[in-house]
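Each chain gets a letter, A, B and C, in the order it is written, and its residues are counted from 1.
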Amino acid sequence: MSLRTEPVTMNVGPIHPSTHGVFRMRVTFDGEEIVDVEPVIGYLHRGSEKLAEERTYTQVVTLTDRMDYVASMTNNQSYILSVEKLAGITPSPRGVWLRMIAAELQRIASHAVANGFLINDLGAWHTPLLYMLREREKILEMFEMLCGARITNSYLRPGGVFMDAPDQFWPALNRFLDEMPNRIDDIERLLTTNEIVLIRTQNVGVLKKDECLNASITGPVLRASGVDWDLRDKNPYDYYDQIEFSRPLGEIGDNHDRFLVRIFEMRESLKILRQCIENIEPGPVRPKEVPFLVRPPKGDSYVPIESPKGELGFYLVSDGGISPFRCHVRAPSLINLTLLREMVLGDKIADLFVTFGSIDVNMGEVDR
Amino acid sequence: MNTVLDSVVFKFIYCMLVSSDECANSFKIIGSGFISEKYAIIGFLITAFFLIFIIVNGALVGVLALIWGERRLVGRFQARLGPNRWGPWGIFTPVADAIKVMFKEDISPTLSDKFVFILAPILMVVPVLMIFAVIPFGEATFLTDLNVGVLFVLAITSTNTLSVLMAGWGSGNRYGIIGGLRAVAMLLSYEIPMALAAVGVILMAGSLSIIQVIESQVIPYAIFQPLGFLTFLIASTAELNRSPFDITEAESELIAGYMTEYSSMKFGLFYLGEFMATIASSAIIVCLFLGGWKGPEILPSHFWFMIKWILMICVFIWFRATFPRLRVDQIMELAWKGLFELTLINILSIAILMLIWPDPSITELWIMTGIKWIVFFVSLWIFGKLLGPKPLQKNGVARKIVLQK
Amino acid sequence: MTKCFSGEKICELIDEINPQSVVSTNSDSVHIQPESALSVFSELKNKENCQFNLLNSLTAVDYIDHFEMVYHLTSTIHNHSIVIKIICGEGRKEPKVSSVVNIWRGADLQEREVWDLMGITFENHPNLKRLLLWEEFPGHPLRKDYLR
């Protein structure tokens, strides 16, 4: 028996509990089934790229914080690396180690938020989310020790970081490193074998290897599809070449794989953090000779890094002045959305939000 | 009139008002009232209104307590404190909530069907209040003992469906319509396992009266027929629209589902109805499966009932704090492929056992319990294999995350 | 470590495909002709020793006297990367290049963004609409001559 049904078009967002910000989708349903999805973005567009053209190289750091506001440190890092390459600055070692520590802490925080909200999108009424946010809170407190800010850090400067870590930072970091593995185990016990989580996420929102690469999708989403592509390993920036870590790879590329890959990456980040603490040596955090007004020679630079969302790179063009002539952000959140439609077609309404959550986009970065 | 007078509380107040021989015999201390027996109906009505007043207000206070309790308890589940600003331990928070809800602007959308839109929240609350009429709060403390009590409860709870559909349709919002349609599909499906699970109890008790059901429980039915208890618990969670079956409001998908367009006290009534339904449902489960007011005689029967009742409510809160939501097709699958068959197995096994032991002694009852538990585990294992998540296989090996060195 | 090819190396690679394509060579990038861009890109993606299967980034720069498209390409198989630039259009008038969406799907949103903010038309793009700004927005804000 077939019912005569009629598709319904509905605007999901820009104000909606689980679009992670001001994301809007024009969704067409047939009953519970998704027939068409069209992402509509731009509600958080602040013109960061244009604003960067009117600020000095150091001032732009504050703009990068506000792009991916759950992973500001990695944004800083990507921008600073690009400036350093453009201006030919050699950073001081302690500064580099410190910013690696900051970046890896930020990766844990970002993945915690991503996984927490993914489970929240599954309808778990905030419990796993709050467990995740509790751990993130500790990281934010450490950031507060490092630079006085929790979210919009602006901690990095060309040549390193602007301030050495205070004395109370190291005990806090060590305590965090001791506690965190148990916390991740807790989350895994609660969620990874939870039957409801399994039936909701397995084989939903599958992304194939080739599709992923062709659509420039990077980061945990790409690794969950089974492609071994981590820029920290393949194209090491900072001192990642001195560090040993493994990359978790999924096999199928469904929502559950993406969830697991993030959990495993949190563990790997802890490993990296331990090695950073072993390697760090006293010294200046920023070379004295780097001026506050950086004047890079004419040219351009693009240094991609592995941010928690994927490949993040700043394409900077200099005309020899004190501010970038052109500053383009290769935003992983935006580009990872390319295949959203293909991922959810034919699924149920509920899966739309889970799949969207598992890509882990940040609207600040999508719209810039 | 006579069945109502079985209730001690009712009779007590009635006798304070009406003078009759029966009253004079029952309560020597207070004697008899001032209304002559000729106008006894007046005394009867006054008593009834007084008790209804108490029960309705008791339910409202219960809702406030539940809102507070749920928020505190969920707070603890989520490693935080919960509300603690208003009054000691934040117990006045729900009062503040209620005041806030009352003073909110009452919006009805232009596209809404006004009559249906306004009627829906009322329909949500009133039937739930009617359930309290048949709940015995302790030994001989009840409003009425209907001889079709269980049927009455099942019938009343199913009107919930109508209210949700009306709210979803009437608000003229697409989230609302989807929520309402989901509600109809889900609630109608879960009526069946719920009723069939209750059949197991009725078979054993041999009566539809809730008082009779409680009195027949030598071993609480939760222990005696775990399959029936489990299915009834799951089905009533679904009937209450609570997590993991909250697809009708589904915060992360449909914003608030059928309640999206409601504000002010209309929303308040939905909130009220939902929490009241939780309270009523817990009471029904306590009566049907946990032995009602029965318990060791260290404490009065009312206390036993309260303890079981609060524990049952806590179980619902616990569900809500831990489970992610199921998808709509999985919910239907669970109802029709899982619970429906499990309840049939339950009824069948009870019927066979009752054929073997028509009038069981205590030892025979325990043997029956043992058999029921075996049936419970075997059937759950089989259904878990059939319906549970299958670990995805690739080249014959269970899927795992590979760590690339 | 990803091998970044120098300009000469990229020039050699492209000369194997289409000798007339390269316009000029810099230290780390080459400029190619807009007309032959599409065939060069599709060969770069498929050729055995290139296999640039990942389009890292696609952007445009307004150099006041002309617009320039910048493509960063990486091969996850050989782990090497190149930078290719295209000067589009004559001067500032009607900058136009052909879309690479059919080669790399990842160019979809990035090309829409470039069209939105820089005003470069992509021929044969399946859905060339504004991405971040609304349809009625006047002008293209990342251009250097855009005022208010």
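As a working rule, contacts are C-beta pairs under 8 Å (C-beta built on N, C-alpha and C of every residue); 3 or more make two chains touch, one makes a residue touch a chain.
These numbers come from a predicted model, not from an experiment.
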For which chain is the distance between its Cα centroid and the global protein Cα centroid smallest? A
Maximum number of contact pairs occurs between chains A-B
Compared with chain A, which chain's mean CA position is the farthest off? B
Expressed in whole Å, how far the mean CA point of chain B lies from that of chain C is 64
Inter-centroid spacing, chain C versus chain A (mean Cα positions, whole Å): 25
If you average the CA atoms of chain A and of chain B, how many Å lie between those two points? 44
Residues of chain B touching chain A in their complex? 74, 77-80, 174-175, 178, 182, 243-244, 246-247, 250-255, 320-330, 388-389, 392, 394, 399-405
Which residues of chain A touch chain B in their complex? 8, 10, 16-18, 29, 32, 119-127, 130-131, 134, 194-200, 202-203, 228, 246-252, 257, 260-261, 264, 348-353
Of chain A, residues touching chain C in the complex: 41-42, 45, 47, 49-50, 211, 213-218, 227, 229, 234-236, 241, 300, 302, 304, 311, 313, 315, 317, 325-326, 328, 330, 334-335, 337-339, 367-368
Taking the complex as given, what residues does chain C use to touch chain A? 1-2, 53-57, 59, 61-62, 70, 72, 76, 79, 81, 83, 104-110, 113, 117, 130-134, 141-142
